[in-house]
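The next part holds the structures, each set out as structure tokens.
Both complexes shown next keep chain A, but they swap its partner, so chain B is in the first and chain C is in the second.
For the complex of A and B:
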């Protein structure tokens, strides 16, 4: 039973069983015609009128990634991970969007009226824009994920927040970088750009001109409001599908250059071959089941909606498959809503757990036909590349979750 | 010129002029190879690691609707409006989602572990669900707007937040109401439901069974996290395209009944004819230009991206047209991204203002062919209905904004 997809009729039978005990209570209470009211009410305040906040009963929060530092001992390696186990849909709330930086938890405190973006280097007309000028230009709004190349650096983590929390997805708004570059006039031989942030080490990244012109966005909006300070307020470069480190925060300057330059942000990509570096731009295809996931506890056998996220740095998610028997048999999951290019795509799978130990897996197939590899395939690939774990992209192998007979869920990678 | 759509080549010419003065500064600064860094940096804290916040330079905020009360003198008529003039894309940040209630600013402070949803009345199997049980069931995630029927109650307001701010749009996640009703088994003649909230006056609403089964959602998720308290935490009923008041907050009970019942929330809909009441379920088609909009100031002639939102309570936005000459000539606006059913749809229009006084308008055409009416058409309709301003839905007439020669923007409704 655990390997079988549950159809609608089966769910209805299961569901009826699910709520039947509670239904007795329902009848009892409806007989009286009254239900208890809330225990307390919270008054409105000027502050809550202006800008609301979440319930005190909701404590979903980001945590330091990989236990590298405690929240009150912030090192230069400041990485905090999104609670994917609490995710609904595909929007990551801006307050919970992951942050990755190697220059500490300090955030530039930028007055937007004093901020400028410069386009210069190998261009006919160097340009400087104020924020107001940028906002007058033709803009786009697109859903895109960002993912740190170090996501899943340690395959043995316990929870999905620890294994996969260094990726998030938001609705980004801004001006296409191609609009600005076309206006500046890129000169012959200007085949790369270097994007620079405002912080002291500048967070520069080298990006091929083909990618810069294809779909990069100079973003001032995120999830319907201004980009948050931890995400680069007032401007962040969005490089769809690229490694997180390319999405330069606190963006102030884009220089058109003739070659790949090894910059501070390219540490970790210790290869100077431009073709090799460019290949590292794209992430995935990848997917992970967020419920049930490591550290969670199923109350018992019965119906569950298995949920997860899938994404690819090279296009749309075309299909997601789920296995409940450790990868022996696979079933199509339901794609929830529209699959957008280089965006998290939510999937779900109706499942009736028979109470026996089992292993849940998901795999993503993108619209250029790439299939997320098994763990074994990934290991064989890494070994063929000389044992380096992250060659040409990071660990995008399938994440298995083991469900024990007691309903506890565990990372199945030994 | 003001009535002409600006094509890409024209924009590029305009754009080059736009940034040319600043470009001198760019050259000067790039010559030194250095740009100033940020003036200050803000350190990370435990709190900001867990849950981020916006920049201190961003002050976009909700305001009391229609000046009915000041923020520190909350009356029972508690309505606060979204700052649409600051919107990006189609997601309204949960902190800025409009709130409408006629029972004051107090918010039930609900412990989700003690909250239940009851389905009862004319059903075969009355049911009660805990929050955990609801979250195990098959769910959906959909983008939907909510709009207060009183949005635009006063056509002479100054800003777009005042005229149209009682609508917002979010990514909602939850269980289809049809899933729960099918499980309970609706009995013959159960043609309506009454949905009830937890607060003392219960915020009940009568909704036809056809609508309940079509697309209503019992929502626990909003924009990727739990529904906010001001929006009904932990459960809100989503009635896509219906008047805001139908979207019962703090939902605890759904009763299947045989007829439309006049409830507290149906005040204002003083008609007992069920067919008439049902017609009031649907809003629009409607649209409004958010930039440039009333109270804003254009710095001078030149290129602008005109931006706005369109929506319809009966389907998708099929087309949006923009006029820059007070409705004499119309041009297709660009639809931004995917138009979802019963969801805000962002549009934009490339425009070069020649500096002469002009009037900007937008109109929405939905996918069942409805066209947003002109002010004059709406007035004639209201007069034919006996002078009542809001019969069968609210004021969805075209919003005109007048741009004066000095660049100031005004509500053109005299």
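For the complex of A and C:
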């Protein structure tokens, strides 16, 4: 805006700020005259001093997943998808992290001073910890994604928020579960744990002891502050690379047991086919292009940085490949920053669009060589094994985006 | 299963217990934080039910006949349908289709898919009724479990008494017809032999 349009009152209001900028020697003026100033300034209210908020020009927001109404017919918010199309880097802001709750769950309002974690069952030394006691123990801080088993794209979806919005990545801080289990002393035959939350259904997941001892974290921190209530405040279990429902929120109890307990949250893992059961437990190698993605509009031919996210429930992303011709030819994308184990990893690919219709795809290869399949490859694999035409377990197939000649971008799942 | 490190931990715990003696304020062996819960605390918190043996099942009893009345009076029918046929809440009775040999084809119905009857008991006890979870008595949960098993022809007598001893004895149609989950080790593919 031109400075001529700034009225006298606004000018006076800005006076103090300009004076302090001048005192600090800020370059508010160029050699040839005055630069245009900001249109308005944000007031330094007590509220904004205490806890900042984003610009009023930013409207990125979560949406109910799967076209369901939220709240649903029971008056409950159920699954909420994160706006991946607006994300930068790998961390999902806590306010935009996807939310999945077990059927019927509400979000408990827990006083941390009254919250406890009990570890019992097949242990020598059952223990109860307060939150303060947990925070005294040695901690770890790690980047990890969480993805819902229902993060399955279909042809009706338009945006990447609809196709892939049930995955998010945050920096989690807490005590390794192995630290707590070693303090309790796991007995011979304690091959599983069950982890339970305090919400009304006491949502409980069974987790193999091998995984529990390997890298699970009892988390009180998320992105530098306390875990948010929708994510399990004051305590949530992180099961890196596992299907979302394993990451028990509002964690109150861990029982060491001798077998898979088939409890409330485990219903989805109770399967007839061992392949279905295994492929629903650990998230496969997966990636998606977030720009350009469905519903977006390119202004015309020219240079674009294709951007996206890749992840694997097994370990690190080793490589990401991008195709601009519907999977005919593939090129290495650049990994941006470091690829952390079981974490979203950002990738980019320098692309000059010639203005012709084309199809963008990405695929993830992880550090043990698992490769993200096309939908067709996954279906053909199971068909050759005598199975039905479907992608088994958690769907990690390639997401195709079609760019039309007019620059509009569309979901190309047939 | 058990690592040498765990053995050391267990020995450490044993030594600590010997030194400290058994008392309610015992702390974790390495870091000296936390406390030992009382047996009453553990019992109050522990609502898990061992699927095969039903070890932790509380004393109680009920019949399908009693369960059929509770199904109406507790509001189950309002969401699951009068006959358990499903409405806004999931179906609870098997579908009548031409696949008599494969219970997995009878629908996504918990009292059929659960390989062991205590799993059904735990689900009702933990998660129902919606909005009033945790209000059912043990007798009511035995009765409702009996009614769902009766609806699905798992038990044939609506006067059969389901209790902490008889419930684990029920032979569910999927008892030996479910997939074990794999041992989950870091750095391993999610399914051996599957490249994706």
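We adopt the following convention: the second predicted complex is superposed on the first by the 342 of 414 C-alpha atoms of A that agree within 3 Å, B and C clash if a C-alpha of one lies under 4 Å from a C-alpha of the other, contacts with A are read in each partner's own complex, and residues count from 1 in each chain.
What we mean here is this: contacts are C-beta pairs under 8 Å (C-beta built on N, C-alpha and C of every residue); 3 or more make two chains touch, one makes a residue touch a chain.
Note that the structure is a prediction, hence the values are computed from the model and not measured.
**Student:** Quick one: is A:65 in contact with chain B, with chain C, with both, or with neither? Answer first, second, both or neither.
**Tutor:** neither
**Student:** Under the stated touch criterion, which partner chain does A:152 make contact with: chain B (first), chain C (second), both, or neither?
**Tutor:** neither
**Student:** Answer with first, second, both or neither: which of chain B and chain C does A:346 touch in the superposed model?
**Tutor:** first
**Student:** Applying the touch criterion given at the start, work out whether A:305 contacts chain B, chain C, both or neither, answering first, second, both or neither.
**Tutor:** first
**Student:** Compare chain B and chain C by how many residues of chain A each one touches, and report the one with more.
**Tutor:** Here the partner covering more residues of chain A is B.
**Student:** For A:164 in the superposed arrangement: first (chain B), second (chain C), both or neither?
**Tutor:** neither
**Student:** Considering only the touch criterion stated at the top, classify A:128 as touching first (chain B), second (chain C), both, or neither.
**Tutor:** both
**Student:** Touch test for A:79: chain B only (first), chain C only (second), both, or neither?
**Tutor:** neither
**Student:** Check chain A for residues that touch chain B in one structure and chain C in the other, and list them.
**Tutor:** Shared contact residues on chain A (touching chain B in one complex, chain C in the other): 74, 104, 118, 120, 125-129, 133, 136-138, 182-183, 200, 252-253.
**Student:** Which residues of chain B touch chain A in their complex?
**Tutor:** Going by the criterion above, the answer is residues 11-12, 15-16, 18-20, 22-23, 25-27, 29-30, 35, 37-44, 46, 48-58, 60-64, 71-72, 74, 78, 80, 86-97, 99, 104-112, 114, 116, 118-120, 125-130, 132-133, 136-143, 171, 173, 179, 182-183, 198-200, 220-226, 228-230, 233-234, 250, 252-253, 299, 302-305, 307, 336-338, 346, 348, 350.
**Student:** Which of the residues in chain C end up touching chain A in this complex?
**Tutor:** Residue list for chain C touching chain A: 1-3, 5-6, 9-10, 12-14, 16-17, 26-31, 33-37, 41-42, 45-52, 88, 104, 110, 113-116, 119, 122-123, 126-127, 130-131, 133-134, 177-191, 194-196.
**Student:** Would you pull the chain A residues touching chain C in the complex into a rising list?
**Tutor:** Residues 73-74, 103-104, 118, 120, 124-129, 133, 136-138, 182-191, 194, 196, 200-202, 204, 206-211, 213-215, 242, 252-253, 255, 257, 259-264, 267, 269-279, 281-285, 313-315, 368, 370-373, 377-378, 381, 393, 396 of chain A touch chain C in their complex.
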